[in-house]
Each structure stands twice: as structure tokens, then as C-alpha cells.
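In what follows, chain A forms one complex with chain B and a second complex with chain C.
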Partner chain A sequence: MELNLFLMLAAFLFCTGIYGVLARRNGVLVLMSVELMLVAVNINLVAFAAFTGAIAGQVFALFVITIAAAEVGVGLALVLLVYRNLRSPDLDNLDSLKG
Partner chain B sequence: MNPRFDFHALAPELILTGVILVVLVVDLFLDEEERWRTSRLASIGLLAALIPVITLAVDGNDRVMFGGAYVVDDYALVMKGFFLVAAWVTLLISFDYIGEGDYYQGEFYFLLLTSTLGMLVIASARDLITLFVALETISLPTFVLAAWRKHDPESNEAGLKYFLIGVLSSAVMLYGMSFVFGFSGSTLLSDISTTVSADGVAPLLLVGIFMTLVGFAFKVSAVPFHFWAPDTYEGAPTPVTAFLSVASKAGGLVAMLTLVYAGFFGRPEAWQPVLWVMAAASMTLGNLVALRQTNMVRLLAYSSIAQGGFMLVPFAVAPDGSGTAATSSFEAVVIYMLIYGAMNLGAFACVIAIARRTGSAELSSYNGLIKSSPALAVTFSLFLFSLAGIPPLAGWFAKFVMFRSVLDAGTTAAVVLGVIAAINSVVAFFYYAGVSRRMILEDPAEEQEPVLVPPALNAAIALTALTTLVVGVYPQLFAKLGEFAAGVG
Partner chain C sequence: MLRYAWIIAFIPALSFFLILFFGKRMPKGGSEIGIAALGASFVLSVVAAVQWIDKVESTEGGEGGHALGALGQAFHVAGEAGHTVVEPVLASVSWFTLGGVDIRAGTMIDGLSVMMLFVVSLVSLLVHIYSTSYMEGDRRYTYFFAALSLFSASMLTLVIAGSTLLLLVGWELVGLCSFMLIGHWWEEGANSDAALKAFFTTRTGDIGLIIGIVILFFGAGGTFDIPTINEMAVNGEMSQTVLTTASVALLIGIIGKSGQFPLHTWLPDAMAGPTPVSALIHAATMVVAGVFLGARLYPVFFEGFHIADGGLNAMAVIGGITVIIGAALAFVQNDIKKVLAYSTISQIGYMVMALGVGAWLAAVFHLFTHAFFKADLFLGSGSVSHAVHTFDMRKMGGLRKVMPHTFWTFIISSLALAGFFPLAGFWSKDEIINTAGKADYDFFLVVGLVGAFMTAAYMTRCVWLTFFGEYRGAEHPHESPKAILVPLWILAIGAVFAGFLNATAFDIHKFTEWVEPTSAFPEVIVPEFSVPLAVFSFMVAAAGVAVAGAYYVYGMGPRGLTERNASARAGYTFLENKYYLDHLYTDLVVGSIKGPIARGTYWFNQNVIDGVVNAAGTGTRRVGRFTYDVIDQKIVDGSVNEIAAATDETGGLLRYLQSGRVQRYALILFASVGVLSLALVFAN
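Now for the complex of A and B:
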């Protein structure tokens, strides 16, 4: 197996994630797109760690997974809060602040 | 190898962690009307954490821990002291706002302290993993704080926007870090520095450096990654906005300082042009848009974007001038950050005080403030003129050290950036002075009661005003701190 294959998979996932963040209007789907980007990061880190033998990459990936879980926890709470007040998870409704 | 555990070096973080847990637990056992006591605990905790920072500074030895991933040197100590004092002033500002708003007081202080803990860690972090974890410790509590007014859709919007931009920027930053790690085979900045400085680096490594810095550019709200800042600043509770615009921004800048100076310094072509463009764009756009704001908080939001641009100027000229600019630009960023912290916290404290009477931050509500509350109007003008950089207020010294680093660099690009900064200082003067003119020369719409300022808020305003005045008249005070902090290991 080549390192490049892993990097390309990660790049593809990362781009899919960015597209999702920019194109999706539903708060939950945007959150899931961000998760895709973080998965791409993990693939990168673990692939580099496996090919160079530097164990720090795997440790880094573990930290990323843990903190991503915390981020989603906070994020879902915020989406839920907006849903309670506006009765919709649609991010287009968030337009009261402008100028 | 058995890692030596240096309790003295970690004492600020350990004390703060202890206080955070105590605040969280004590809050459970207090009645609703006794909840304000948690703020006293939090404030004592912050001051207690300041004691080991001072003893460590007196001791003066650099302490390196965890294989070089965590370093307590003079630079880290100066920044830790700054973060603790800034958090303490934020606590003073928020005390009455949170107490009267019938919000969840214990949790508020818990989250504020947790974010401060992340800042203490980020000042010492010399490793990608530590930097990332510290940055998330700063950010995650602030997402919740921004959405603090649960039933107010504007506050919800502020929190969610801040959150989405925050996680997006973290993901971009991490993707960049994964390449930086991949090509250097280590997460330690000292190892990364060796790889980056070597000849013939992979193009992907340069992309990695670029994306890492873009992630941090979001945090310091540099143009073109600034669009979340005005909305979040306006919708969030104003004390939280003060915290975001000073402490959280400084956290991002400290991380950038560490990364650029300790990690990427040997390859300026990967970051110097980017930071040059971001500095110029932040100053220009921030100031021009601030000119046509009608809401004070939005005006301060754009002003803080512009001030962030001024703070990026020294970065953009750092590698030039055969080494002299490296030291003076490092000092310039540190000194600018300290002074900006004092004057911006003071300005927000005044906005909060004035909003207590009017309940709004619209500029029209500032008309003729001097008739009803002369002291407040004069103090607020003092902060605004300091932000504009008028001597003898502290802001001029911040601008002075920034221009000094530009002159030390001396290249054409540096001088052009210096000229852009100079033009922007003049533009900025118009909107800062405009607010002052409203307060002093315009007539109020109706007869107004004097603004009643509670003691805690008064103390915060007095402290920041005193700092702004004293440092402006006697700048050696902060210049010494800057020299003390210069250099990152």
C-alpha cells in the first residue's frame, strides 16, 4: 500500500466535508460534515504515523477523536437550543444579526 | 525515563483546576439567592493562581517538561499573568450583569475559569497536540457562553455561528497540522523547526503550515476570516463579548506567536505573505466598515478586527532586517496585546455601564452623556482615544512599538505595510472621536438620569483606566515586560 492512497482518501473526505459545511442548510448535517473533515484528519495522522513509525500521530488521533466528541456534544446542544426557539434546525433562519 | 513532575511550574494550572472544581461543586449546594458567592470564589481563585506566576518569574529559571512539550519560560509567564488579570477584570465586569439577569451564575463562572485554564496551558504549549487541546479548552466553554441568554434568539444565533466557525477552523487547522506532523515525524515544535528549515521541503508541508495558520486566523478574526465576529459580538452577552475580544483573541495570537517563532520561523515564504495580506486587509476593512456602524458593540467588533490587523503587522515583517526585526516584532506583539487588553476591556466595561440605563448599545443613546454622567463620558472617551493611539494614553505606545518593528525590518514590503497602518490609524480616529463627539457635544434626546455604576464594574473601569493612563505616561512599565518576554524556546 502506498501512503499517497491514504492521503488522497483523506483529501477526498476533507473536501466532501467542506462542501457539506458550505452547501447544507440543516444544522445537524453541517455538524456531520465537520465530523467528516475530522475523520479525514485522523486518517492522515494515522497513515503518517504508520508509514513513518512516529507514534505521536496515533496519540494525536486519539485526542482529536475525544475532543470531536466534546465538540459535537456542545454543538448538538446549541442546535437544539435554536430549534426550541425557532422551531426549525434550518441555519438560514439565523439572520437577525446584520450590519 | 521517568518524567520529573515539577509542581511549582504547574502550580498556576493546578490551583485554577482546583478552584474550577470547587466552584462547580459549591454551586450545587447553594440556594438561588446565595449563588453570587461563587463569583467571589472564582475571583479569589484567579488571584491565587497569580501568586505562583509571580514566584516563578522571580525564580527566573526556564522549566522544560514532558520532553519539551510544555515550557514555562518568561514569555509564558508574562502571558499567563496577562490572561489571569484579564479574566479577573472580566469577572468584575460580569458580576452585576450575570447576577441581575437571573442566569445560571455558578455555571457561568465555571465556564469562564475553564476557558482561562486553556489560556494558561496555551502560553506554555510547545507541541502541536498540547496547542490543539489548549485551544479547544479555550473555545468550547466560550461557545456556550456566547449563547448564554437561552431564550433570546439573538444570543442563540451568536453562539451557533461562533460554534460552527470555531469547529470549521479547528478542522482546517488540524488538517494542516496533520501534514506538518507527517513530514516532520514529530509533534514537538523544536523538531518541526528543524524539518521546516531544512532545504528542499515538500510542497505539502508548506500547505500544512498555511492551513494551520488559517485555522488560527479564524480565532483572531483576521480578514477574510472575520465575518463571524460582529454577529457573535453583538448577540452574545456583553461581558462575554469583552472576554472574547480580549482574552480569547489573545489566546489565538499567543498560539500564532509560538507556532511562527518556535516552529515555522525558518521558512518565511510559507507564512510571511499570508500574514502580510491578512494584516493589511484586517486593518483596512475593519476600519472602513466600523465607520458606518450605528451600534456601539458592532463598532467595537470591527474596531477589534482592525486592532487584530495592527497586531499582525509585526508578524509580517518579523523575518526581515537581518535578525533585528525578529526580536522587536516579538516584543511589539506582546506589548500591543497587553495594552489592547487593558483599553478594550475598559471600553467594554463602559459600554456595559451605559447600557444599564438605556438598555441598548445604539450609538444614538450615547448622545449628551456628559450632561448626566460626566465621569463616565470622560473615562469612555479616554479608552476610545487610547484605542485610536493618541498620546499620552497607552494606545500610542502600542502603535509606537508596532511601527518600530516595521522600521527595524526596513524592506519595501514592510514600509508599504507601515504606510497602510499609518493611514488606517488616521481613519480609525474618525469613528473613535465620533463617539466621543456624540457624548460631549450632542444634546440628549430627553432629560436623563445619571448612570448608576455598581462597585464591581466601577473597580474594573478604574483599574483599566489607571493602566491606560500610567502606561501611556510611563511606557517603560510594559516595555520592560515586553523585553522580559522576548523570545520563545
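Now for the complex of A and C:
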């Protein structure tokens, strides 16, 4: 197996995540896209760790997973509040910061 | 204590500030601070006196000569055997340096200073105690005590000053305090006028003092140091011209401060102040500052006026005139305090005359005894007015029954003043007259005797009108409280016994021994006690009492003389108008100077000063207009507006970025990261 394969998979996942974050209007889908980006990063970390033999990458991946779990918790709570206030999960409605 | 005498003056100065800051909050309005401070000063003064006496006695024991410095030794040798030298105790610190001359502020303690310290702190302490009762309920009670403290501090500074400059500082400060205290009840126009008059008249004399000090400074080769000046004067190291001009200038200072003819007119008006002030300042202490100055710089006067030669000199003449005119004016006054004021003028005239005829010791001794009985008389008159609420003797009378303590102390002091044996005034006055006769000043011997006669006569009139006969007022007189009577008795005791310090008849010369300087002092004549002269002067005083008694009490002698006889009437009017001196000063001197000067000043004001002011005004306006139009409007405002406009435009452009949409922000974020990553890749 080659390292490049893993990296390409990660890049693909990351780009999918970016696309989701930028193009999706639904808050839940945006959150999921963020998770995709984090997963891509994790794949990178683990792949590099496996190919170089350094354990630190794997440890880091575990940290990222933990943080991601917390982040999703906070994110879902926010989406829930948005939904409750605006009766819609649509992020385009959130423009009260408009200058 | 002798080296640290400045503490004695420092305590009341401290008390002045304490009373000013905390006095109102104290249970007794600050008077307790003043009394405590003066009490401490008095105790320290007594300590200083005891130490000085100790020093003198031990030096005279023969051993002390070795303890003296090289200078003292030289004097010791120069002075014949039996003439021991006690140097004054000097202490000084560097004050400031001016033009390379190190000006020192220091104390000079000798018998004279110690005696003055004792008198000033004692009288001041008693006056403080007296005032707690006399000034009770006064609206500026605290302020009054603060001023009294400041006065005491200034006077104590004056008497311990070791340089003419420090002496001048004390001198001016007592003048200021005098002004503050005479005008204590300034709500009445007459009182503030009196305060101003006192201030300006003494200032006139002060000019003389300042000139004198400056002359001595240069004459003595650039020093304000009193012992040095005295030594140079005694040793003939200063030219006669310097000494004469300096002593004339200083004499003018004495005339102003000590109420001598022709600048005495402020002193009777100064009676507008509260009575304790009159007792302290205008009888016992401040007005004798002039005499003190004369005594302190005596070698200068002695050489400057050729006092040893006899005959006439300016100092003795001024004193002699003052003795007579002061006493004469005391006869026509109805205000008890004014009688005492003129009496003070006359008595200080005695002292100045004594200095003028070479009777240094007699002058200082008279200063010492006079402080007791004159302060007592003033405080007595205050006690009387406390009871009858007036100073007008026509509304008194018969008070001896209701005010026995005041009466007896007043009688004792009056007798002392009149020079009755064996009270204090007898010894000192007799010594002046005696020395005048011995030192070839026969004219002033006569003046002294005439003065003694008049003194006895006017005091008889005063005592008679106040205490004898029937009560003529409408009030209900009563004896004064203890705070008033205790000082009266203490001073009365002093008036009885102070003279015995130098009772030459009984061969007591303690005062001479302790007070007379032994270094840097001219050879003055100290006469033996003369029994015939003493008896004669006593007879003269008794005759004064008898004549006045016969005239005022028994109605003998010519009555209504002023109505019948034109010249007598003229004389009376002349006296009543105080020799027209006030008119001379206000109308002739002040008036003639005032008119032209005022006109000249007005012209100068209109043309020169106003011109300058107007030009300055116009110029300023133009500059202001230019500043407004160009600098303020265009540059300052312009730049501010430009900045605001630019910010506004930038903001208008940037607001498009602020869409409020999260995903737009994220897009910008990712795009930027992408661009930066590419840049990073290409850069590598």
C-alpha cells in the first residue's frame, strides 16, 4: 500500500467537507461536513503515523476524535437553538451580523 | 539649652499652625494649645536663664577663663584683671548663599537675649491665660490665639537672632502680627484704620532699619553677624561715616517700632485692638523691640553718636522729647487705655533716652521692669472694661470697692510706674536719671525728673478717675474671674520685686552681672548709687502725686483756666489735637504727596500702561483671529474632517464584506488559506 492512496482519500474527504460547509444550507449537514473534514485530518494523522512508525500521530488522532465529539455536542445544541428560534435549520437566515 | 534656644521660638510657631488647623475642633477652641506652647517656652526660657547665670557665675569664679576660646583669651588679656569676659553663646546653620556670601541664620544668646526670652514668654503666657476669659465668646477666638502664638514666635525669634537679617525677619513678623491683632475686630472701620495706620507708620521706620542693616553689612565687610559687627564697631574697624549713617538709619527704625516722636501716632490708635494684645504687644514686648535693637547693636550707636562725649545726640534728644510729649498727652485723654498708651510712649522714651546717654544697663533694666507693671496696668484696664464695658474713665469711678483685686494690682503697678520706693520702677528710672547726670548729660537729667513728675501726676489722675469717687456709669460692675486676676497678681508681684535684681542702694548688682555684655561692648559709665538724687527723684514723684491729687481730688488750683485764658485754651487744644501731628501727616505730608503722585500715576496709567495694555489687546485679538481662521479652521478642523471622511468611505467599502452569512465567511477563510498555501508552495 502506498501512502499516497491514503492521502488522496483524505484530500477527497476534506474537499467534500469543504464543499458541504460552503454549499449546504442546513445547519445539521454543515456540521456533518465539518466532521468529514476532521475525519480527513485523522486519516492523514494515522496514515503518517503508520508509515513513519511514530506513535504521536495516533495519539493525536484520538485527541481529535474526543474534541470532535465535544464540538458536535456544542454544534448540535446551537443548531437546535437556531431551529427553535427561527423554525428552520437554514443558516442563511442567520444574518443579523450584517454590516 | 543655650545652644538650642531656637526651640523656644519654634514651639509657639508650631502652635500657630496647630491652632490654625485643629484649633476649631479642640474643646477650648485652640487656646489650650497656645497656653501649653507658651508654658513650654517659658519653662525653657527659665532653663536658659538659669544656665546663662550659671555660666556667668562660673566664669567669674576665675576658672571659666580657660574654657573660653582663643578670642576670649585675647580679650581676657586685653581687659585688665577683674574684668572677666563671658562670650555670648552662638549657634548657626547655613541659611542660603547669595553672590558667594554664605548667609547664616543663627542664634546669639547672652544676658540680654535671656532676659528678653524670660520677659516675652512670661508676659505672653500670662496674656494667653488672661485672654481665655477676656476673649470668651469672641467670634474669632481660635484665630486670636493663633495670632498670639505667631506673635510670640516672632518676638522670640527677634530676641535670639544672631544676625541682623534674622532680626529683621522677626521684626517684620511682629509688625505683621501687630497689624493682625489691632485689626482683630475689623468689622468696625476705625479698628481696621488703626491697624493700617500702625502698619504703615512702623513700615516707615522699617525702611530706616533696612537701610541701616545694609550699611552695616557693607561696613562690616559683608556680614550680617551681630557679634562681628559689634566687635568691629568697638575696635574702631569701621569708619566713622559708616557708623554714623548706620546709627541714624537704625534710629529711624527704632522711632517707628518703639513709638518715638515723631512717629508715635500709631501707638495710641493701636489701642483699638483687644486689651490683652495691647498689654502684650503695645506695652510689654513688641514696642520695646526698638529698644532691644538699640541695646543689641549698642556699640554701633555708641560710636556712631559719640555717646561717650556727652552733650546732645540724636538718640537722647528723640527719647527726651518723647518722654515729655508722651506724658503731656496722657493728661488730656479720657480713654484709660490711651492714657496707658501715652504713658508707654513716654516710658519707652525713657529707655531710648537712656541708651542715648550711655545708660545701657538702665535702659534694659527699665525695659525689664516696665514690662511687668505696664502689662499689669493694661490687663488691669482690661479687667475694668470687662466689668463696666467701656474704656471711658468718665463712666468709671468708685471701682475700688467692687473690684478690690483689680484695684490693688493697679495701684501697685501705678506706684511702680510712678517710681515709688521700693517698687520696680523706682530702681530702673533712678538708674537712668542717675547715669544721665554722671555721664555729662545734665539736660537729660532734668528731662528725666520732669518726666517722673508728670508720670506720677497723670497716673494719679487715671487712678482717681477710675477707682475713687462715685460710680458714674450705668453698668453693674463686678470683679473679674480668676483667669484674669491670677495674671494680674503675678505681674503685680513682679512689679514689686523685679527692681530688687539691681537694687544698687543695697549693693545688689545681679542684673548688671547677668545681663550686661562683657565682650564687644563699649566702656559705659556705671555710676554709684546716689542717695540725694534718689531721694530727690522720689520727692519729685511724690510731688507729682500730691499736685495731681490736689488738683483732681480736692479741686484746688485754678479751675476753668481753659475757658478764661486764651493761651491756656490754645495749649489745651494743642494737646487735644496731639500736637496736630496726625493732621500734619494725613493732610500735609500724605496730602501733598498724594495729589501730584496720584495725578502723575493717573497720567502714566492712562497713557503708558493703558497704551501698552490696549496694544497688547489688539495684537492678541489679531493673532487670535489669524489662529482661528487659518490654523484652527483649516489645518486642525480640516485634518480632523478629512480623517473622518476617509474612515467613512473605507467603512462603506468594507461593509460589503460584512454580509452576516457564516458560509460566506467560511468561503473567504478557505479561499484565503488556499491562496496562502499556493503562495507558500510557489515560494518554496
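Going forward, the second predicted complex is superposed on the first by the 99 of 99 C-alpha atoms of A that agree within 3 Å, B and C clash if a C-alpha of one lies under 4 Å from a C-alpha of the other, contacts with A are read in each partner's own complex, and residues count from 1 in each chain.
Basically, contacts are C-beta pairs under 8 Å (C-beta built on N, C-alpha and C of every residue); 3 or more make two chains touch, one makes a residue touch a chain.
Fair warning: this is a prediction, and the values are worked out from it, not measured in the lab.
Trainee: Mind working out whether A:V21 is in touch with chain B, chain C, both or neither, as first, second, both or neither?
Mentor: A:V21: touches chain B and chain C.
Trainee: Just to be sure I read the superposition right, which of the two partners does A:D92 touch: chain B = first, chain C = second, or both, or neither?
Mentor: In the superposition, A:D92 contacts chain C only.
Trainee: Quick check for you: in the superposed arrangement, does A:I65 touch first (chain B), second (chain C), both or neither?
Mentor: neither
Trainee: Applying the touch criterion given at the start, work out whether A:V41 contacts chain B, chain C, both or neither, answering first, second, both or neither.
Mentor: first
Trainee: A:L76 contacts which: chain B (first), chain C (second), both, neither?
Mentor: neither
Trainee: Just chain B (first), just chain C (second), both, or neither: which does A:M8 touch?
Mentor: neither
Trainee: Check the contacts made with chain A and report whether chain B or chain C touches more of its residues.
Mentor: So, of the two partners, B touches more residues of chain A.
Trainee: Where on chain A do the contacts with chain B and the contacts with chain C coincide?
Mentor: Touching chain B in the first complex and chain C in the second, residues 21, 30, 91, 94, 96-99 of chain A appear in both lists.
Trainee: Spell out the part of chain A that touches chain C in their complex, as residue ranges.
Mentor: Within the complex, chain A touches chain C at residues 18, 21-23, 30, 91-92, 94-99.
Trainee: Mind listing the chain C positions that touch chain A in their complex?
Mentor: By the definition above, chain C touches chain A via 654-663, 666-667, 670.
Trainee: Which positions of chain B touch chain A when the two form their complex?
Mentor: Counting only chain B, the residues touching chain A are 128-129, 132-133, 136, 140, 143-144, 147, 150-151, 153-154, 156-161, 163-164, 167-168, 170-172, 174-175, 177-179, 181-182, 185-187, 230-231, 234-235, 293-295, 298.
Trainee: Inside the complex, what are the residues of chain A that reach chain B?
Mentor: 10, 14, 17, 21, 27, 30-31, 34, 37-38, 40-41, 44-45, 47-48, 52-54, 56-57, 59-60, 63-64, 67, 70-71, 74-75, 77-79, 81-82, 85-86, 91, 94, 96-99
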